Amino acid sequence: MADNFFLPQASLDTLFAALTGDGRRILAPTDRDGRTELNPVTSPGDVAKDYLQTILSAKEAAFPKVERLMSFSTGAGSVDLKDAEPSAVPTVLFGIRPCEASGFKALDAVFNWDTRDRFFNARMEALAVIGIGCTRKDDACFCTSVGGGPGSTSGSDILLTPVEGGFLAEVLTEKGKAMAALAPEAFKADPGLEKKVVEVPVAFDQPGLTKRLKDRFEDGIWVEQSLRCVGCGACAFVCPTCVCFDIVEEADAKGGHRLRTWDSCGGHMFTLHASGHNPRETQAQRWRQRVYHKFSYYPERYDMLGCVGCGKCTRACPVDMNLQEHLAEAAQA
Amino acid sequence: MDLREKSRQLLENGDVKAVIGYERGTMGARRPAFIRKAERADRLVFDEACAQNLATYLTRPEVRKLGRVAVAARPDTLRAILQLMAERQVKEENVLALAGDGTVELGTAQAIEEHLATCAKELPARDREILDRLSRMDRAQRWAFWQAELSRCVKCYACRNSCPMCYCGHCTMDCNRPQWVPVASHALGNLEYHMVRAMHLAGRCVECGDCGRACPVGIPIHLLTFNCEESVHLQFGQRAGASSKLDYALSTFRPDDKESFIR
Amino acid sequence: MSRIGVFTCHCGENIGATVDCAKVAERTRNVPGVVHSVDYKYMCSDPGQSMIKEAIKEHGLTGVVVAACSPRMHEPTFRNAVEEAGLNPYLCEMANLREHCSWVHEKNDATTDKAADLIRVMVEKVKHNTPLHPIRVPVTKRALVLGGGIAGIQAALDIANAGHKVVLVEKSPSIGGHMSQLSETFPTLDCSQCILTPRMVEAARHPNITLMTYAELEKLEGFIGNFKATIRRKARQVDEKLCTGCGLCITKCPNKKIPDEFNEGLGKRSAIYVPFPQAVPNKPVIDKTNCTFYKSGKCKVCEKMCPTGAIRFDQQDELVTLDVGAIVLATGFKVMRTDKFPEYGYGKYADVIDGLQFERLASASGPTLGVMKRPSDGKEPETVVFVACSGSRDRAKGVPYCSKICCMYTAKHAMLYKHKMHHGKAYVFYMDIRSGGKDYDEFVRRAIEEDDVKYIRGRVSRIYEEDGQLIVKGADTLMGGEPVEIKADMVVLATAVQAQDGSEELAQKLHVSYDPYHFFAESHPKLKPVETNTAGIYLAGACQAPRDIPETVAQASGAAAKVAALFSRDELTREPVVAVVNRLPAPTFSYCVGCFLCQSACPYQAIEAEEIRGRDGTLIKTLAKVNAGLCQGCGTCVSTCRTKAIDIQGFSNEQIFAELMTL
Amino acid sequence: MKIGYYPGCSLLGSSREFDESVRALAQALGLELVEVPDWSCCGASSAHVLDHRLALALPARILAQAEAAGLTEILAPCAACYNRLATARDTLEKDPALARDIEAVIGQPVTGNVRIVNVLEVLDRFRDVIPGRIAKPFAHKVACYYGCLLVRPAKVLKFDRPEDPRSMDRLMAAAGAEPREWNFKTECCGAAFSVTRTDLVAKMSGKIVADAVRHGAEAIIVACPMCQSNLDMRRPEINARLGAEHTIPVLFITQALGLAMGIDATKLGLQRHMVPAVMTPAAV
Amino acid sequence: MTEPFEPKITAFVCNWCTYAGADLTGTSRIKYQSNVRVLRLPCTGRIDFMLLAKAFARGSDGVIVSGCHPNDCHYTSGNYHARRRWMIYRDLMDFMGIDTRRVTFSWVSAAEGARWAELVNEVTTSVRELGPYTEYKELALTGVE
């Protein structure tokens, strides 16, 4: 039911003005000392120029690195608890890439698998996504190998695809329609211009890989691949679909609060038991867990992949653990 | 004769169980490589782009189990090896450093020390630029600068885990009784983490800059440890990685250490 | 869940005057973990203490906080009370409401709030206190005395008379030390041998003393009460049991040209020798470096002559290990040689001698049998110049300190010379006369007034030899700095007293610190002069600083008293406030990574390496381990440790952190 | 081998023979002497009596000139020049502020990288070469007299043993002579009092000559123009005071070595001495 | 009118010298401002630099660290190690923009009761002028959604 429009480059201003006028915060990729970071913007001019994608993923908007779940205070011999209200500011994610946009559904799968995560849902509710198709790629990108693509609409409320003089605007969801309605004059009729989108070759046969993983659990390939991995959390924290978190209390005699923070299965303490036993003792087991969780357990449990092929983990890794390269290797051997 | 030929030779006649070097990575990057069979030696490459300090792998249980390994070593790597030997983490007979263009075999601590004497050490331009800017700031501006930089930290610990000197199995950050440093990466957690890490490297950091390179969000945190190391060198004359004999500034002293602020 | 009792004291008016104790006690009841909070006028009184004891039993308290005076004052009192009530004493802490609050602040709400805060700090700490038990260390009741001079002999005798076993180890073949070389001693001119020899014999015959001469300390391990000392008994090449000390071998030994150390090189001795006639034990030793047999394989006259066949050419050094509980260092001093004085001819002139050499010349058992004969040609010197402060108080010679005894023995030397050669002329060049002991100054005045020793206040700039005489060039500062030139027949330099050769190596073997001049360092110059920083090792005599005989004997008895005190109990109990390196089940075994950065931070060398081995003996890890006997609980290692593997009981990280978190 | 050379005023004036013998010996040993360009007075014994900064500025200028000419070492045969240059360099090195002040005075930078060496140090480097070049061994008993400025102040000069130096004795032994043990190696000869208080010089130098003769020396060997002139030129006053007729000659080390290496006596300037350089076998 | 700002001062002192000195201040009845809270540790060598950071995190406006004079340490070298640590940590704090004027390092012996009172008064007054250390107190909440 996508209705297509043509959004001229110039009328982005009116769209931005309409959105901010409607009290929405706009987050977009911005240029900061040669890095592309997601930051609040007020006008199209603030948006990064000719960028590939942000370093950290847009999941921040729905699943922040630190959020308060509740707080408590101890009085004279008594304790009273207070739930925290999620700071769900109406937000528009402008200019994120189709791969990241499609990541939210992987988060949603876990946050609403059993208990409905009040905080995540509140933020998703207040969130609208205006994705922009990719005119650039690099060797780390492999969205097409995991069911995505430079023009994929999955996860976006409106997908802008660059065309001559502006964008093809595909309004895809109710939220998309609501946003388009705020600035009808910006959306012209669709002249059917040719989409300028980059070509992303398929890197490996993903279904084949998922099938082959079932009997490769004890394979030595995971040891070989992970020898150089230093076991930090960079790949997990930049990944749009990594959803693991840690809960910790910060308190003193008078009271305190409970915080949720990002966590990474790559760390040496992730599965450390109080007894000192650690089911995933070696780095190879942890690397294998990262691959299996996204390419074997996710399909098995949620019938979707835990990876959108954005390549952020490869770019962020201090020792260049190229996920695409390793998956391709695992798929063939 | 280059690093590949040398590695093949070492592996063939069993001098070492593995060669830790660099190989080509994504988009021209270089990344650590573990070569255990002679025929895979030609994956190795050793040029200016090889940055990571491979000494960080010498304290890995998997590498320790291998026994004697060769390491492609830049000067910073050699300094890290000496410091690790000084802190009894690496045994002299378990490491063979391949310095210079990768063919200069340095099998003993003494050989490494002599080779290091010929290597100059200077600060990359980008770091000098930032340090210069910082030196012209007053306290409030320095506070603002570091708060802005550290606000981007997500505590992924890439800096800690890629640092050769951060080999502690149970780091202060992992300590929760008492919880010295908050787990969360809010402003306090980040400030205290990076402050503690810099202090723990004072007099131990070989200034290879790997922590700065490893940071996914590009925070120049290597300048914190460089500052501590320079402060140790300036005031106590000791420098990490100078010798394989332990000379740790913060657990030795001289009765006449000069300072001007104690009342 | 902790059940803590808080007892707030008024201390009469001292606290009550400015702090509302009732309100504080009342407020403390609401602190989580506090189950009993009362205030009372005098907590340290008997009724006060019994209040605590009853409360412990009645409320089943798991922790006690007494909010009163400084813990430095009554912590032991309240901890004993708590212990009597059956609760581990280390679960009791004190909040200092008096010295740190009531006495130093005005009476207002802020002061009462502060008092409540200080109590809450200690309540949070006590929640993290763990029961501790004093460290019990067995004490081996045998002492080791290193050095057989008067210091060592005196210490050994006192310890032995206190009923304990002593092993007296002496490097040279006989005990006696430098005192045995002296002719007579100031200020009484007692003959040194007459007052020393009886003590040497007493030491040799004392049932509690085992004498090991011609022996040195090879290695020392262990700690206070539990030392293991390895002594190297150098081969004398003589079987001590068979030898009767008849001396036949000495008289018949053909090689008699060896410079005699006992006579400071002035006399000669044979290859097989006894240092001096009254030597104890009177058993000879073969000097292997100079004995003809050891050099060319011929001779063996001594073996042929020995009536009891006691000569053993093949005898080897023997290593003996001893378990000892305490060690007294009495290794004495040495005298700076004359070749250290370029201005006096670098030791070229035979007639420029040092104090000890003069003692030998003056001694009846000396090479000249007490007759004043100068070493070069044996003539009796008509004029003798004594130069005080030769090397001492002279930074260029590296000896800025005063050697304390030279003023006195120089006056004695001059007096002895004048007694032997009444018409002889004696000059003494001095800077200041330091004669502070009992009857000391009177002794020096006697030398000047009765024995006509000419004291010239000035330094000697140069000595050179001319026509068989020594031209001594100096100045007389009391006569306007007039240059003085004396033609002397002999010059005696009162050279500096220095630490014994090898004292640095010995200090390192014992982990005892030493000062820049290699004298052993006492624990505290005024309050602990006979102890060192290493528990169980004590000091006596000139090995600690230049010292005369009376002080040496006093110090030796002091050290012996310390040893006797240590041996008065079967067990040594020590405060359990010591460091512990954590231990965990396999596979981590400990948070310690074995970097040993803590080891160099420990002033007491209390941190050792412990090897963790698998069942098949393979080395898994080397971890740090604290020797509770040596650790004094300063905690420097704790703040050096990056992995927080080491902690101090009583001031642990969790306790200090909990205290800080309440502020 | 090349080395900077600072003759100083006395080597061009009253002790010309020292300069002649140094040049002759240097030529024989293949050592090239590069005179410090446009050198000036070193301040000798008078400057530091008058003004501390003047006493530093004069030698500092010589150091600056040498540095400008790229020299790294200067041979100053005269003991007074050697002493003044070495102590000035040391003072400036230890007090940078003063050094900047002196640089302002002389209008030239002084880094102090130039080392100052005396004639004994330089000859010592040829110690192994000399025995091979001996044409006629200097077979005489000699008393080597070092004087004061070559060895004092010891902390600054760090040359040989200050109280009982050996370097000249070694050199003379290498030349075949027999150096005698005697007492007055480093005693003062009266130095500059030679002009104002000749009686003092007679007394002090007299002791030196007497002691040398008493120890059987046939010649006194020196390495300082001041000592040579006092022991040689003031001999009449010495003999008058001692009431003796000591004819023991006083030779520069460079002259003695020159003779031993067969260099002609006049080339060594021996004819300039007051006491004829004739060695009669000693009495004792 | 809000209450006038009263700074919160935390003091880490060694048991053998400065704590005993503070006791002497008490026995000599020398008054000083009551803002300081004193924590007793065996030796300055035991004072971990993280304790100072924690004190600020807990809302202290000023910190005092004091122990035996060099050469007086009951454990011979604890203060020498502490001094080296303070020199480096102070450089790092300054480099990161932490206000080192709020941290006072000192040596106070067991006989210097008056000097302890003077030190506490001086620090309390100067920190009062500097005002609350709000930028540090806000850190724990900055960056928390």
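By written order: A, B, C, D and E. Residues from 1 in each chain.
Note that a residue touches a chain if its C-beta (ideal position, glycine included) is under 8 Å from a C-beta of that chain, and two chains touch if they have at least 3 such contacts.
Keep in mind the model is a prediction, meaning the values are calculated, not measured.
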For subunit D and subunit E, the contact-path distance works out to 2
The chains touching both subunit B and subunit C are A, E
If chain centres are mean C-alpha positions, then the most distant from subunit D is chain A
The larger set of C-beta contacts, choosing between C-E and C-D, lies at C-E
Averaging each chain's Cα atoms, the one nearest the global Cα mean turns out to be B
Distance in whole angstrom between the CA centres of subunit B and subunit D is 58
Taking each chain's mean CA coordinate, subunit A and subunit C are separated, in whole Å, by 71
So, in whole Å, the Cα centroid of subunit A is separated from that of subunit B by 32
Residues of subunit A that touch at least two other chains are 65-66, 250, 252, 259
Among all residues of subunit E, those touching at least two other chains are 49, 54, 58, 77, 81, 85, 140, 143-144
Expected list for subunit D, residues touching two or more other chains, is none
All chain pairs satisfying the touch rule are A-B, A-C, A-E, B-C, B-E, C-D, C-E
Seen from subunit C, its contact residues with subunit D in the complex are 342-343, 345-346, 348, 464-467, 471
The subunit E residues in contact with subunit A across the complex are 58, 140, 143-145
Seen from subunit A, its contact residues with subunit C in the complex are 74, 76-77, 252-253, 275-276
Contacts from subunit C onto subunit E in the complex sit at residues 70-73, 96, 98-101, 103-106, 110-111, 114, 117-118, 121, 513, 533, 577, 601, 603-604, 632-636, 638-640, 648, 651, 653, 656-657, 659-661, 663
Touching subunit B in the complex, subunit E uses residues 49-50, 53-54, 57, 70-71, 77, 80-81, 83-100, 104-107, 119, 135, 138-144
